[in-house]
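Input: structures, listed below.
Two complexes follow with chain A in common, the first pairing it with chain B and the second with chain C.
Presenting the complex of A and B:
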């Protein structure tokens, strides 16, 4: 039954991809269509694209393994939007940038910065795609016993076909629908699970778990305090640097709408993230011995409810999981392929096709070859890289006139480079010992301050490299659109 | 330095309008509606009286009414005054953003410290739910939304003030 559910979701995605081509093709169509999209729809679309395998499966799994400290993960993934709202959302929409490299070019008037930003977008995208494919393999193995590479390959092929046929990109309503599907797929089974728990006499967690697992800093992981703070920093500051989220802000008609949309996104994410914690808690109670904890959401309905109802609920959860893989992977693939084709290849339709294949094949290879880490941990690493490269670029670029081209470049290279190095060592090198492990697995606490410091210091040293049009750009970024002002004539390349 | 003289009158200080010949269209106190056919001489006399009223204004008023650029043009031409307007907008919005970030930092950064320093809190109960779970798994989300809502309200208010400032002359 679960297999049928997966097939339905996959088929629906392919069909929508195939028939969606004619809905809207170019960026400007997308832009025009956007004026009819209300903040609620837009926010649902952002939520649909944002809630990945890590949110749907990974959070509950990590909570099951490591307890209360992991509650910070969904808190950070939601709170990141609050930081994004106050520091970035309206100015970013007003910049007219369609991608992060667009913003870098508009603000710093330099193609070198643009290309560096492009490289980072691609790296972050790959790092984010890899665990999506890994978890697809896990889910498919869980329901059919297929080898672990099969699920990843299935999702990769569906996404590649979809993106190549031109669909998925601009269909806001499909992404919006994905959010509500994921919410339902997690909320409905939870109601039955809680009923089963109540019927079971509402057992409490064992006293030993209550003292350690259920309490924060209870020793689930070494260097708990450092890891907690590093996690908070990475998630709160990394959200603004995710390539597939930014594109959606362009769908807002103006800066004010961008703010309101972000407010709705916060509400929707807050509602969603109430659920995984409960799954983690129930998992600790009923399946504490699970080998691969990412599967806890899929296992619980079968174990606790059982029978036909249990099968139905498992099918629903599995469908939600596949919706999560497909929507996030599609959004990411489009972003990565667009940037690859435009900035690193020659541009044009042929380049976009090559780029799409590259965008999918590299993370798929990584997924098969790299060490199996919990999905939410790998996604956390992508956040750390975003927080130590794009966060300083965006925050300083928007609020500080004296940011120089050289400063931005230096910050991107040092911050992004250090974070990437830590990530590579963690993914490829395997578990390290003691403090080194904590520092490498959660690098944000040291890479983010370094990135900011480098960007600011180098900018102070190179005042002659401050872009000439910075005053005009500031007018563009910060003044409300209804004022009749000269905002310069920069247009994003991608449109 | 050529401000458009014809528009000078229609937006300057409201208190002075009644003294000016080219001002308001509506009926005034003690006067009939405009379509009443007044004798021509009376009309002329009234105009003359109005002209005299203009002459009475103090020289300082004329100085204050010196032609000025609209603030939007100051910003477009990147004059010093335009820069001042822009900096004031940026500073207001940045202060607001920093205020929200500071509060967020204190709450989010303070919670792990609180749990570290007061171990009793780690196992405390709130209505039967462990306190850390109630806060991190539930209560913090509505708090985020409330903070975001207050921010959006204030940020839009700041922008309205800025628009009023630069569109007034």
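Presenting the complex of A and C:
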């Protein structure tokens, strides 16, 4: 039954991708057509793209194994939008940039910075796609016993076909629907699980779990305090550097709408992340011995409810999980392929095709060869890279007028480079011993400050490399759109 | 475990290999600079000159002069070099920094009469190599715009000659800079001249249509008049070369309301607009002429019902817009000549104008793409990038 659910989701994705949603409108309701996407729809669409396998499966699994500390993951993944709301969303929208490289070019007026940003977007995208494919493999194995590569391959092929057949269109309503589907797929089974728990006499958690598992820093990870702070830094600051999330902000008509959208995203994510925490807690009660903890969300309905109802609920959760893989992977693939085709290949349709294949094949290969890590941890690494490269670029670019081109480049290279190196060593080499393991597995706590320091110091040293149009750019970024003032005229690029 | 080592080795190989390859290419590039000393000297001189060129292409600015001065000094082989414009010292580069303060004074005579001066400097410092100065004028259009001064221990005839040659070379770069600037100004002026040309026919037709409703249906006439007022306010606005696609479509809607009042059921319009692309910045009035064209071709020149379809789609980093009519169509050859500006069709320059403006702003790959044949209707496709440097709706 679960397999049927997966097939339905996959088929729906292919059909929507191939035909799009074609809604014709006649002039009589034209004003409806010209109404821009409302913050609620936009926020649902962001939620739909953002909630990946890590949120859907990974968080509950990590909470099951490591306890209260892991609550920082959902908190950070939501809190990142608070930082985005306060520091980035409105100015970024006003800059007119569609992608992160666009922003780098608009603010620093340099093609070198743009290309560097493009390279980082591709790396972060790959790093984020890899665990999606890995967990697809896990889910398919869980329900059919297929080898672990099969699920990853299935999702990769569906996404590639989808994107190649014109799925570049980002259809807000489809993505918004994905959020509500994921929410339903977790919430409905949870209601039944809680009823089963109640019928079971509402058992409490065992005394030693209450002392260790449930207590902060009691989960038994080495260097827990360091890891926790590093995790907080990575998730709070990394959200703003996720390529597939930022392109969605372009759909907002102005900076004010961008802020509103971010606020709604905070609410929607806050509501969603209550659920995985409960799954983790129920998992600790009923399946504490689970070998692959990422599968706890899939296992619980069968174990606790059982029978046909249990099968139905498992099918629902599985469908939700596949929707999560497909939506996040599609969004990421479109972003990565777009940047690859435009900035690193020559552009045009042919380049986009090659780029799409590259965008899918590289993370798929990584997913097959890399060592198996908890999915939420790998996604956490992508956040660490984003936090140590794009966070300084965006925050300093928006709020500090003395940021120089050289400074930005140096910061991107040093911060992004260090974080990437740590990630590679962790994925390919690990696990390492003692403190080195903690430092490499959660690099944000040292790479983010280094990136900021390098960017600021080098900018101070190279004041003559501050872009010429910085004053005008700052006016554009920070004044509300309805203020009537001179934001500068269009000028042809001098040859 | 072995697999991990293989991947590890591959990663290290890429991390080390790529920079090594780039370095090797650089070194090899150096070695290919010719074999005999004379060849090498020629190449090096030309290379130095080509390095000094780009900074000067922005005109005589402090920043450009500073970047170019190092290479110019290498070309001249002098101890120090100074560049001034007509008002101040732009850069002093090389030995004897204490002469920088008086460098502009050295240039004054040359600035006044445009002649080469050779000056003897008495410097109290014994070790200072700056003893003589050769000051040559920099001119564009026979006007002295600045000076170039070469400082050194001797003022040989060779140095004077070299300074004059280098100054001549700098002059030609400055003239190129002037050319660049006027081309930029021309492009801006063209874009400004090309914008906002609503057709006088439309104004006349709309007013007569409204007049026909004044007695029979005054309420309708009033509404139409208000639409007309809004339409003209948008079309005649002065500020900004860009607007959002949403605004542009709203104006097109008003236009179509007025046209439908005139044609009634004979005009059928279908719109399919992806809400994601509404915030895209577009050149002001870049779609209006296309719709106007479609109405004219799809309707005025044939009998029966005319259908117009306007589609705006999201396509990754771009948005695709198409305006289609089922009218008489056009001979592709004639269309090509209209777009090339060789012939001006009766009733406006709509298509050619839009095509020209899109190319000016976004580059040649973003021109109009028209699919048409006689009797087969016309479909005009426009692609617009969601982000383009300098393009912003507000």
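Throughout what follows, the second predicted complex is superposed on the first by the 469 of 495 C-alpha atoms of A that agree within 3 Å, B and C clash if a C-alpha of one lies under 4 Å from a C-alpha of the other, contacts with A are read in each partner's own complex, and residues count from 1 in each chain.
FYI, a residue touches a chain if its C-beta (ideal position, glycine included) is under 8 Å from a C-beta of that chain, and two chains touch if they have at least 3 such contacts.
Only a predicted model underlies this, so the values are computations on that prediction, with no experimental measurement involved.
Asks: Considering only the touch criterion stated at the top, classify A:217 as touching first (chain B), second (chain C), both, or neither.
Replies: Only chain B is touched by A:217; chain C is not.
Asks: Go through the superposed model and pick first if A:266 touches only chain B, second if only chain C, both, or neither.
Replies: First partner only, chain B.
Asks: First (chain B), second (chain C), both or neither: which does A:466 touch?
Replies: In the superposition, A:466 touches no partner, neither chain B nor chain C.
Asks: In the superposed arrangement, does A:342 touch chain B (first), chain C (second), both or neither?
Replies: second
Asks: Applying the document's definition of touch, where does A:225 land relative to chain B and chain C: first, second, both, or neither?
Replies: In the superposed model, A:225 contacts chain B only, not chain C.
Asks: Quick check on the superposed pair: does A:474 touch chain B, chain C, both, or neither? Answer first, second, both or neither.
Replies: A:474 sits against chain B, while chain C stays out of touch.
Asks: Provide the residue numbers of chain B that touch chain A in the complex, in ascending order.
Replies: Residues 72, 75-76, 78, 83, 86, 89-90, 93-94, 96-97, 100-101, 104, 108-109, 112, 115-116, 122-123, 130, 132-133, 136-138, 140-142, 144-145, 147-149, 151-152, 155-156, 159, 162-163, 166-167 of chain B touch chain A in their complex.
Asks: Please give the residue numbers of chain A that touch chain C in the complex, ascending.
Replies: Touch residues, chain A against chain C: 22-27, 30-31, 33-37, 96-99, 102, 105-106, 109, 168-172, 250-254, 334, 338, 342, 352, 369-371, 424, 428-429, 464, 476, 481, 487, 489-495.
Asks: Taking the touch rule as given, give the residues of chain C at its contact with chain A in the complex, in rising order.
Replies: Against chain A, chain C makes touches at 3-4, 7-8, 11, 58, 63, 180-181, 184, 187-188, 191, 241-242, 244, 246, 249-250, 253, 256-257, 260, 268-276, 278-279, 281, 313-317, 360-361, 386-387, 389-394.
Asks: Help me check something: in the complex, which residues belonging to chain A touch chain B?
Replies: 68, 71-72, 75, 78-79, 81-83, 85-87, 90, 210-211, 214-218, 225, 228-229, 232, 236, 256, 259-260, 262-263, 266-267, 269-271, 273-274, 277-278, 281, 399, 471-472, 474-475, 478-480, 482-486
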